[in-house]
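See the structures that follow.
Here chain A shows up in two complexes: once beside chain B, once beside chain C.
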Partner chain A sequence: MIILFCVTWREGAPPLEGGLELVEEGDLAMVVGPEPTTTNRDDALVFGRTVERIAGEVDVLPFRYGTTAADTEEARGLLREHGRGWAARLQKVEGCAELALRASPPPAPQERAASGADHLNRLVSRSRRIDAAEGEVADLLTGRCRVVRRLTGHEELRLSCLVERPAFERVRSVLEEWAGRRDDLVVSVTGPWAPYSFVADGEEAGVVL
Partner chain B sequence: MSELSVAADDVALIDLLDRVIGEGVVIGGDIVLSIAGVDLVYLGLRAVLAPAHVAGPGAIGDALADARGDAL
Partner chain C sequence: MTADLPGFGPLEPRRRARIEADPEKVERGLVQLVLTLVELLRQLMERQAIRRVEAGGLEDDQVEELGQTLMLLDEKMTELRDHFGLEPEDLNIDLGPLGRLL
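After this line comes the complex of A and B, so read on.
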């Protein structure tokens, strides 16, 4: 078995090392490597860092960790089967990297709420601060990102931003300056990452700011 | 900011793992993600395997703790 790292353009594909191999088909190429013999977090990190190293040189569509194929022939078959869609997605992320932003109020104090109403008020206050933060960040990002996705289902503001690489550090600076003014929030800005959040089916659900 | 603040490097580590495990190209709906014969979907430690925003509150701390450990 081999593990699939990412898809990139055949032309300009970077030289590989460390057991990695390039599987080519049409205009595309796939970076593959030996499947890890263990399942642990370090393996996942090695996978991620490998993809990041390649993404630092060329545009890529990273695979989700754990995507495997029987051999390089099967990988080539996947390129034939999905090539058109993957090429279209590569064009969408061309020249871009992903920036990740998290913002949330500091953890609530541990003392018990005085009442049910007090507890609800705390939750409402926290939610309002997150909503307000989203509005401020949306204003800051307008015109600066190709696509912004808000990840839902958690108690913090989490955004994935598809940013053109030449503008990346400027966008980071804008957000970090904003974070410096918001001492009522815990904010983190990380990246550049390979465009993990903008390559799967359904990424069109992201909000363009 | 607080005693629970997470170092920048640790946040970056979590963000990378979130993406590696929870985002990226998935081929079809029937492909089971697995490594070394272990089905990633069915491993019990969701806080470790799932992205923090899926695993819910507390997952970041759990993920961070596990990120410093060895096994999933």
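After this line comes the complex of A and C, so read on.
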């Protein structure tokens, strides 16, 4: 059994080490490695770091952690079966990295709301602050990202942005400056990541701001 | 840092789920699944209530009743999570290409 890390272009595929292997088929190549004997947090982190290291050198489509194949022949078969679709998606994320933004009001006060109406008003207030934050961030990101996706969840704003690498630090600094002015929100801006949120069917759609 | 990861990659041509045979873990997994579905319903109710308030037209006693219901639900969920040693972020399901449930 082997674990699948990511798909990349065959041409320009980076040199691999640490038991990793490149399975090639057509224009694509798949990075695979021996399946870990355990399934714990450390294995997941090693997987993530490996994908990030490769994504720092070439365009990749990362696999979900835990995706396996019986052997390299089966991996090659997957490349044959899905190659056309994967190549199209690789083109859509070409030269880009993912930036993740999370913003939410600080945790609700521990004291119980004085009434049902008070509780509901707190929820409405929180929701308005998140919507307002989304509007502000959308304005800031206009023209700066290839695609922006709002991920599910109404209790916080979660955006995944597909950003061209040369513009990445500028976009990050624009968002961090905004975060610095919003002391009513807890904001995290992270990346560059491999384009985890832009590789499945339909995810390339998102919103172009 | 893991909490900030946007999620491990969704490409998923073939996934072999590992079957966890430890009875204690199976029970915990089942509780986690059930509570996740309850949490989904709770959040949907919250969203619907927020929309109704934003749309206006609710009487004060309706706002109070709705708020009381949501407050009790929230408290019950917190109790259940604490009882089973679960964190809020445990109550979610990765639906692969569809994203995360919550």
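The rule we apply is simple: the second predicted complex is superposed on the first by the 206 of 209 C-alpha atoms of A that agree within 3 Å, B and C clash if a C-alpha of one lies under 4 Å from a C-alpha of the other, contacts with A are read in each partner's own complex, and residues count from 1 in each chain.
Definition applied: contacts are C-beta pairs under 8 Å (C-beta built on N, C-alpha and C of every residue); 3 or more make two chains touch, one makes a residue touch a chain.
Nothing here was measured: the structure is a model prediction, and the numbers come from that model.
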Partner chain(s) touched by A:P107 [first = chain B, second = chain C, both, neither]: first
First (chain B), second (chain C), both or neither touched by A:P62: both
A:C96 touches, of chain B and chain C: first, second, both or neither? neither
Contacts of A:I3 with chain B and chain C, given as first, second, both or neither: first
First, second, both or neither for A:S127, with chain B first and chain C second: second
Touching partner for A:T190 - first (chain B), second (chain C), both, neither: both
First, second, both or neither for A:F47, with chain B first and chain C second: both
Touched partner set for A:L20, first chain B, second chain C, both or neither: neither
Contacts of A:H119 with chain B and chain C, given as first, second, both or neither: second
Contact residues common to both interfaces of chain A (with chain B and with chain C): 7, 39, 41, 44-45, 47-48, 51, 61-68, 78, 82, 86, 98, 100, 102, 151-155, 188, 190, 193-194, 196-197, 199-201
Partner chain A, residues of chain B touching it in the complex: 1-2, 4-6, 8, 11-13, 15-27, 31, 33-36, 38, 40, 43, 48, 52-54, 56-57, 66-67, 69-72
Chain B contact footprint on chain A (complex, rising order): 3, 7, 35-45, 47-49, 51-52, 61-68, 78, 82, 86, 98, 100, 102, 106-107, 151-155, 158, 183, 186, 188, 190-191, 193-194, 196-197, 199-201
Residue numbers on chain A that touch chain C, as the complex places them: 6-7, 39, 41, 44-45, 47-48, 51, 61-69, 78, 81-82, 86, 98, 100, 102, 112-113, 115-121, 123-124, 127, 151-155, 160, 188, 190, 193-194, 196-197, 199-203
Sites on chain C touched by chain A in the complex: 2, 4-16, 18, 43, 46-47, 49-50, 53-54, 60, 63-71, 74, 96-97, 99-102
